[in-house]
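What follows is subunit A paired twice: with subunit B in the first complex and subunit C in the second.
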Partner chain A sequence: MLASLSKWFARFGPFLGLALVISIFALLSDFPEQYLSFRNFRIVLAQTVIVALGSIGMTMIIISGGIDLSVGSSIALTSVVAALSLQQGIPPSVAVLLGIVVGAFVGYINGLAITRLHVVPFIATLGMLGIARGAAKWLAGEQTVNPAETWVNQLAVTFPDPAWLLVAPGVWISVFLALLMALVLRNTVFGRRVFALGSNEAAARACGIPTQRVKLWIYTLAGLFFGLAGVIQMSRLRQGDPTVAIGTELDVIAAVVIGGGSLSGGEGSILGSMIGALIMAFLRNGCQQMGWPNYIQEIIIGAIIVVAVAIDRWRSSR
Partner chain B sequence: MSLLRLSKISKRFGPTVALDGVDLELRQGEVHALIGENGAGKTTLMNILAGILQPDQGRMELEGHPYTPFSPLDARRQAIALIHQELSLFPHLSVSENILMGMESSRWGWVNGEDCRRRTLQVLEDFHHPEMRPDRAVAELPIAARQIVEICRAIAAQARIILMDEPTSSLQRPDVKRLFELIQRMREQRISVIYISHFLEEVREIADRYTVLRDGQGVGTGELGSVSDENLVAQMVGRPVKNLFPPRQQSKTGGTVLRVEDLAAPPSVKHASFELRRGEILGIGGLIGSGRTQMVRAIFGLAPVESGILVVGNKAVSARRGSPLLRIVQGMGYLSEDRKGEGLAVALSVADNVTLSRLSSCSRWGWLALDCQRQEAQAWIRRLNIKARTPSQPTWTLSGGNQQKVVLARLLHQDADILLLDEPTRGIDIGSKIQIYEAITQCASEDKAVLMVSSYLPELFGLCHRLAVMSRGRLSATRSVDEWTPETVMQAAIGGGE
Partner chain C sequence: MNKILSFLLLFFVLWTSSRCSNSGSLSEGYRIAVIPKGTTHSFWKTIHAGAVKAEREFIDQGIKVAMTWKGPIREDDREQQIQVVEGFLSQGMDGIVLAPLDDRALVRPVQEALGAGIPTVIIDSALASDAIVSFVATDNVRGGELAAEHMGKLLEGRGKVLLLRYQEGSASTRNREQGFLRKLKSDFPEIELVSSGQYAGPTRDTAKRASENLLNRYGQQLQGIFCVNESATVGMLLALQDIDRAGKVVFIGFDSNEILIEAIRTQQLQGVVVQNPFRMGYLGVKTMVEHLLGRSIEKRIDTGVIMVTPERLDEPEIQTLLYPPLEQYLE
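Now for the complex of A and B:
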């Protein structure tokens, strides 16, 4: 009974958290109909896209027992690359692709440092946090890059055109990619390897799994998602800003952890991470609606992270 | 004819010579026992065979063809599978995922779940464990069941040669029997097994031939039927061993130093009462999982106690509000069965580990006198004959037996009056065992009190003055060792009545 309750909680805990956050703000708010309006949901969803995309890649990394601290810098770098390409008159689709490829390249370098140079992921990506940020500033000449208006700017708008899309195209892209990656993690040999790596790396090696190659793939693949997040970032701001997304990696990690990921590896799910990202977005949005100052948001989100993990620990100790 | 032939295999790790020209011949369908003390090179040899390590020199031939596995995967492709000393499973994954890891049924990278399930069921069926559910998470399985998963992995790989590195170290007797039945079945199917074990009884029960390794060299090989135990032990240790156990000191029957009354620490400990006297060694027998370990942990303040009375010396102390620190102050010392997890800080030096529970001996105002610490550790290294080059050597570089001696040295340095030892000689070599037996006997003769949990009956009978047996959380009455026989201990352990 208790075991099944605990299992139920593991699966639906994040949903419960999300429902709790939304209902608390609905109760607190003087204008609940405004907070609960579709319009507001659209705003929140559009705001979530960047963290959501990042957390898809991060979920994979964290399940494999790794970590990536260079997400924010990578987003800044790829947003600058995409913006510069547009400015140079490169077709928008190629510019988007370039941004994504640069993200994957950054991930590949991370993977190389981890597998070839045997630097632990925390340090390797801490290094990349500086390198990518520096590269972004260098490429952008330490100022924002303002490309001309293209369809790329439509990716993350709150009110999409055509209106039948209901939410920003970026949201649909995120949903599609989240589903795809959830399937990949669940149903592919590669997904198995990712879990095996995080669960017991030595055993994985003994089972003949090319652990180093799998790691290289994981970081590169995650880099694709960070690159795409960078493109969306550029689309939202309508410019490439090398100083953007500072600390985003922490939001992304928090989303994964709130969603049930374990930093010691072997645990985590894309769905959970998506819910985690939504919980944080709704918290931010709720605090803004209430007119609370920024610091209250920060305190609450910090506390939520600790509480989410504490609940998870408590659950698994039963 | 020989299926696998190794000749002159050598391997060095930096300055250490792990293997020095080892020969080994494995015949088809035989169980070949590889025996030797810890640090003799058995595990290194296994790792070379399994493709985890590459030899520096020597030749390996599989069915007459050169065998040079460059990775575990390659070894597995050539039908050699390794079952590890420490379980190498994926706790977060399911039974099925564990068994088929690395060889899932798949198409274009997508796993065929239905086929995986079918293959898992087939393997479990073959191993006569159809009751195991393929989709159960391995973390939820008891340790014996995990071993089954590990063995099934080798079977699923259709291995022709299975390397087993101390496969029974975490199994209970019924599971050992089942494992032996399986090995028997493998033998019938012409699968060869290289079987590493410390237990000579076990080796005799299951193996056909043997090879003894000592200090990285093969020192003997032959039919098990034609060699005596004494001879085998002598080959392992390098000198004839007359007695495993030191002569038992007559217990001087000092006063009671620890009295435990009606201790209950649910769920695993339901009821335990005993008295521990000065100068005696009290043995606790019973099966793994019967609550012995939890009882000791509860006494030492590491596990929550529900009720019971604890009298240390002649002072009643609160059993429920205990902590290791408090117990150490009260004069207890604890040796955990989980050496790497709890017994040692393996990354720290030998000196740090030895002095850790009584740093006050070499510090003043919170400042450590490093020279003094090193000297004190050196004294223990000499006294317990720990094979360490220097006290500042990291503990993980020592062999299992020597690590265990470091743990014991810590208790002795702490100068605990009451030693709670949980499986003090588990998984260590005979040479170290003998030295640990000597040290324990020495403690008792110095008027300390020793409580020793052990699953190894000869050890309980060879060393202890009195015995009690734990069965399903209940501790039997304590009786003098002469009043027990191995049969009555086993009966009590299996739980003939309450």
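Now for the complex of A and C:
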């Protein structure tokens, strides 16, 4: 009985957390109808897209026992690349693709440093954090890149046109990709290898899993998502900004961890990470609507990260 | 069970903090959101005080106004400021007073706010959009020109000068830089600009590091330095003090604080261009409410600049500019 309850919590804990956050703010708010309005949900969903896309890639990396600190810089770099391409008159679809490919390339380099140079992921991606940020500023000529208006700008718009889309196209893209990757992780050979790698790398290797090749794939694939997040960032700002998204990697890691991911590898789920990203977005939104100063938000989000992980540890230790 | 307990704890935290903050929930009247670029610089605190003054004046006149002050959680992050604007959008404010971190990136949220019936007054830095009620700000080009004139006068028209820029994409400081460079070139052609392409970055710390590197390169040959905002000026001052060059070059800054006023008094700083942030906050909110009341307002409102030199430091007019009555308005 207790065991099944614990299992139930493991699966639905993050949902419960999200529901609690929303209902707490709805109770506290003087204008709950505004907080719970469809308009507000649309806004929060559009704001979550970048962290959500990033956390799809990060979930994979964290399950495999790795980490990527270069997410924010990758987003800045790919947003600049996409904006520059648009400025050069390259068709928007190709510009978007270029941004995504550059993201994957950054991930591939990370993977190479980790597998060929035997640099631990923390250090390899810490290095990339600086390299990608610097490259972004260099490409952008140390200023923001302002391309002409194209359909790419519509990807992250809060009130989409046509209206039947209900939420930003970026939200639908994230939902689709999250479902796709959840399936890949659960049902494919590659997905199971990611889990095996994170649970026990030596054992995985002994079982004949080409661990180095799998790692290279993981970082490259994750890079695709960071690249797409960068394109969405460009779409939101309507410009390529080489100084954007500083520290976003920490939000992304926090989303994965709140959603049940374990930094020691082998645990985590895409769905959980999505909920983790939503919890943080709703917290920020709620705190602002309550008129609380920024430091209260920072303290609460910090506390939630620790509490979420502590509960997780306590549950799994029994 | 445990999860529930911990969320009860969270609930308690939230509840206590909501008790602590006296969020002005007026059932009627105008709800105005004021969104600065950051909240830690004294410049923004002064704007806050000015906004409070406008709020109080309207309340005294019997017009209900509730002003909310909220900056981006990560200062100087465009994405975060957009989220603040969007948050107020769904909260259904009556008007927004915004100091945009970027002249392009904030256009979409401001347009969306207008679409939802919420007008915006822009303060401090320009926004590349016509979807605004009014632009209430310092004439920054004039501020830069003022600095160039003072620099040229003190250097008697010749010498080597360095310009430390603020940050990529900030319209207000870019205008100061342009005003300075243009005036220097046109009125003092013999002054040589040794470096004008370096940026100080968002904080005193980044500014100090940039200054140290520049002084290491050009320190011995420099006769003049101009920094375009508060954090850049402080960073440069600290770097000059470290290598014992403060007071030995003509150093002109922008904006003021306690450290800079002291440096002017000790002649380490030959002048700062000061704006009138108090007036900016005051006029920002005032313009917004008057627009909502249906009164006619100007599209562009200049809040003025003035050069503070060691000689003029103790004039009463300068003293109220340097020491705005913050305590009177901010608890």
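Throughout what follows, the second predicted complex is superposed on the first by the 318 of 318 C-alpha atoms of A that agree within 3 Å, B and C clash if a C-alpha of one lies under 4 Å from a C-alpha of the other, contacts with A are read in each partner's own complex, and residues count from 1 in each chain.
Keep in mind that, in the parts below, a residue touches a chain if its C-beta (ideal position, glycine included) is under 8 Å from a C-beta of that chain, and two chains touch if they have at least 3 such contacts.
Since the model is a prediction, treat every value here as computed from it, not as a measurement.
Contact comparison for subunit A: of subunit B and subunit C, C touches the greater number of residues.
In the superposition on chain A, contact of A:Asn294 is made with subunit C only, not with subunit B. In the superposed model, A:Val189 lies in contact with subunit B only, and not with subunit C.
When both complexes are overlaid on chain A, the residue A:Glu267 reaches subunit B alone and has no touch with subunit C. Of the two partner chains placed by superposition, only subunit B is touched by A:Ala204; subunit C is not. In the superposition on chain A, A:Val306 makes contact with neither subunit B nor subunit C. Legend: residue contacts after superposition of the two complexes on their common chain; A:Trp314 is shown touching subunit C, with no touch to subunit B.
Residues 50, 52, 71-77, 82, 84, 88-93, 97, 101-102, 104, 106, 109-111, 113, 153 of subunit B are the ones that touch subunit A when the two sit in their complex.
Residues of subunit A touching subunit B in their complex: 187-192, 195-196, 198-200, 202-210, 266-267. Contact residues of subunit A toward subunit C in the complex are 9, 13, 16-17, 20, 24-25, 28, 30-31, 34-35, 37, 39-40, 43, 46-47, 50, 137, 140, 142-144, 146, 153, 157-159, 233, 236-239, 241-247, 284-285, 288-294, 296-298, 300, 303-304, 307, 311, 314-315. Subunit C makes touch with subunit A in their complex at residues 2-3, 6-7, 9-11, 13-15, 17-18, 21, 23-25, 39, 68, 70-71, 73-74, 76-79, 82-84, 86-92, 102, 104-105, 107-108, 112, 115-116, 167-169, 199.
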